[in-house]
Amino acid sequence: MSNDSLTIEHQPLKRCDLFRIRGRVDGETAPRLEQALRRVLENGRYKLVLNLAEVTFLSSAGLRVLITIAKECRRFNRGNLYLAAPNQRVQQVLELAGLDELFKTFPTEVEAVGNF
Amino acid sequence: MSNDSLTIEHQPLKRCDLFRIRGRVDGETAPRLEQALRRVLENGRYKLVLNLAEVTFLSSAGLRVLITIAKECRRFNRGNLYLAAPNQRVQQVLELAGLDELFKTFPTEVEAVGNF
Amino acid sequence: MSVDAPASAHHLHITATPAALSTIRTFTEGCCHALGLDDEQTFWILLAVEEAITNIIEHAYAGRGGELDIRCWRADDDFYILLHDHGRPFAPETVAPPDLESPLETRSVGGLGLYFMRKLMDEVRFSFDAEGNHLLMVKRHAVG
Amino acid sequence: MSVDAPASAHHLHITATPAALSTIRTFTEGCCHALGLDDEQTFWILLAVEEAITNIIEHAYAGRGGELDIRCWRADDDFYILLHDHGRPFAPETVAPPDLESPLETRSVGGLGLYFMRKLMDEVRFSFDAEGNHLLMVKRHAVG
C-alpha cells in the first residue's frame, strides 16, 4: 500500500466534529472514512467539518461516502457536513461530479467550524 | 517604530469573532487593540477568540485590554473571550500576571472557535 | 475485441482484489511517466483507471477476485489502456447517467464511476466476448 | 540618589513620550546585548523597562512629555538600569499590590506594571529628591 494511504484525525469540539483527512480516499480506504464518520453520527452528533487540504486522491468511492454522510447529517435539519480547505485536485474532482455547489465549502477549517 | 508593530486581523464568523494578533501589544499599541475589539462589542457580539500565536511582546497595557474586554464579554453571560495558541512568551507573561487560569485558553484557534 | 495491444505494450497480470489496487496504481503511474505523460495528465488517468478497476473488482468479480490484465501503450501522442477480465459481463448502455442537477437530498449516492471514466477519457469502449470483458480507454493528445 | 551610574554607562537622553518608546526599546536592547545578556534575559528586562517607562510617560509626566535619562551598565555579572525623570513624584509603598487571586469578574484591570517590575528584577528602588525621580532596577547574575 502506498504511503499516502488514508489517515483520519478526529477532533471533537463543542459545536461540531472536525476531521482532518490526509492521503487517499479511494475504493480501498473509503470504508474506513465512512466508519469513522458514522461513529460520530451514532453518538447523535450531526455537525461535521472535513478538512480536505491534504487529500491527495479522491475517487467516486470517496464521494459516495461524502454524499451518504451529508444526507444523514442534513436529515430533520439536525446538522450538515461542511468541507474545508479543499486543495485544487479535490476541488476539480468535486466539480467533475457536479458536487462543488452541493457541499458548503470554506477556505479554512476555522471558518467552517465557526460558521456552524 | 519597530517593524513588529501590532497588526490585527479580524475574521467575523457566524458563531464568534476571530482576531489574529501579530507583533507587539504594549503601551503604545494596546489602545488600537482595544478599539478593534470594542467595535465588535458595540455590534452586540460578545464571543471573541484571540489568536496570540504571533504576539512577540505583551506588556501590562495589553493585559489590561484583555481583562477589560473579557469582563465586558462575560457580563450577563452573553459571551466570553477565549485565547488561542499563545506562544511560550505570551504564556509566561500570562502566568506572571496570574491570568493563565482566568482566561480560557486553547492550543489552536479552531478548538477555541469550535468550543463556543 | 477490435483493438489489440501492440506486443510492446506495458503489461501487468494480477488477481483483481482490493489488495491489488496499490500495485495497479504504481504500475499505471509508471506507464504514464514512461510514456511521457505529465503529472496533471497522470492524475486524471489514475482516477479513470481506479474507477474502472474498482468496478471490475466489485461488479465483474463481485469481490471474489479473478484474473486481470492491464496493458498500456502510446500511439502517436495518444495514450491507450486496455483492461481484460473474465468476470460477469454487463450492459453499459443500460446504465443511466448520474443525476448531477438535483439537490443532495434526492441524489443517488453512487453511479459516478462510469461517468468519471467517460468525462476523463476521450474514448471508453466496452466489449464482451468469449475471451472475456475488454475495456479500452483512450486519452488523445495525452503527450504534448 | 545613593547609587550613581559609572561614567562608562550607556546613556540615552530623550523626551518621554509614546513616540519615544521604540527608540528606548532599541537602546535598551542594544545595551543588553552589548553587556552580554542573552535573548531570554533581554526579553524580560525589556518588559520591566517598558512598564517603568510607560508609568513615567503616563503618570509622572501625565502624557505631557518631559526629560528622561536612561543609563545601563554592568558590575560583575549584575545588570543595572537607572531611569531619571523630572515629573511628579509618587509613593510607591502606598500602591497596593494587584489582586492575583480573585476571579476575572472582580479583578482590577490595572496595577500590574509595578508588580511586573518587582517580579522581573531583583531590586526595584525608587527615590525622589531635588534633582528629580530616580528608579534603579537591578538584575543579579544577568550574565552567564
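A, B, C and D label the chains in the order they appear, each numbered from 1.
Please note the rule applied: a residue touches a chain if its C-beta (ideal position, glycine included) is under 8 Å from a C-beta of that chain, and two chains touch if they have at least 3 such contacts.
Here the structure is a predicted model, which means the values were calculated and not measured.
Contact with chain B and chain C alike is made by A.
The most distant chain from chain C is D, comparing centres defined as mean Cα coordinates. Chain C and chain D, compared by their mean Cα positions, are separated by 74 Å.
Rounded to a whole number, the gap between the C-alpha centres of chain B and chain D is 26 angstrom.
Work out the mean CA point of chain A and of chain D, and you get 54 Å between them. Residues of chain D in contact with two or more other chains: none. For chain A, the set of residues that touch two or more other chains is empty.
Contacting chain pairs (ordered by label): A-B, A-C, B-D. Here chain D touches chain B in the complex through residues 18, 21-22, 25-26, 43, 46-47, 50-51, 53-54, 57-58, 98, 100-101, 103-105, 107, 109-110, 112-113, 115-116, 119-120, going by the rule given at the top. Of all residues in chain B, only 11, 13-16, 18, 109-111, 113-116 touch chain A in the complex they form. On the side of chain A, the complex with chain C involves touching residues 1-2, 26-28, 57, 59-61, 63-64, 67-68, 70-71, 74, 89, 93, 96-98, 102-103.
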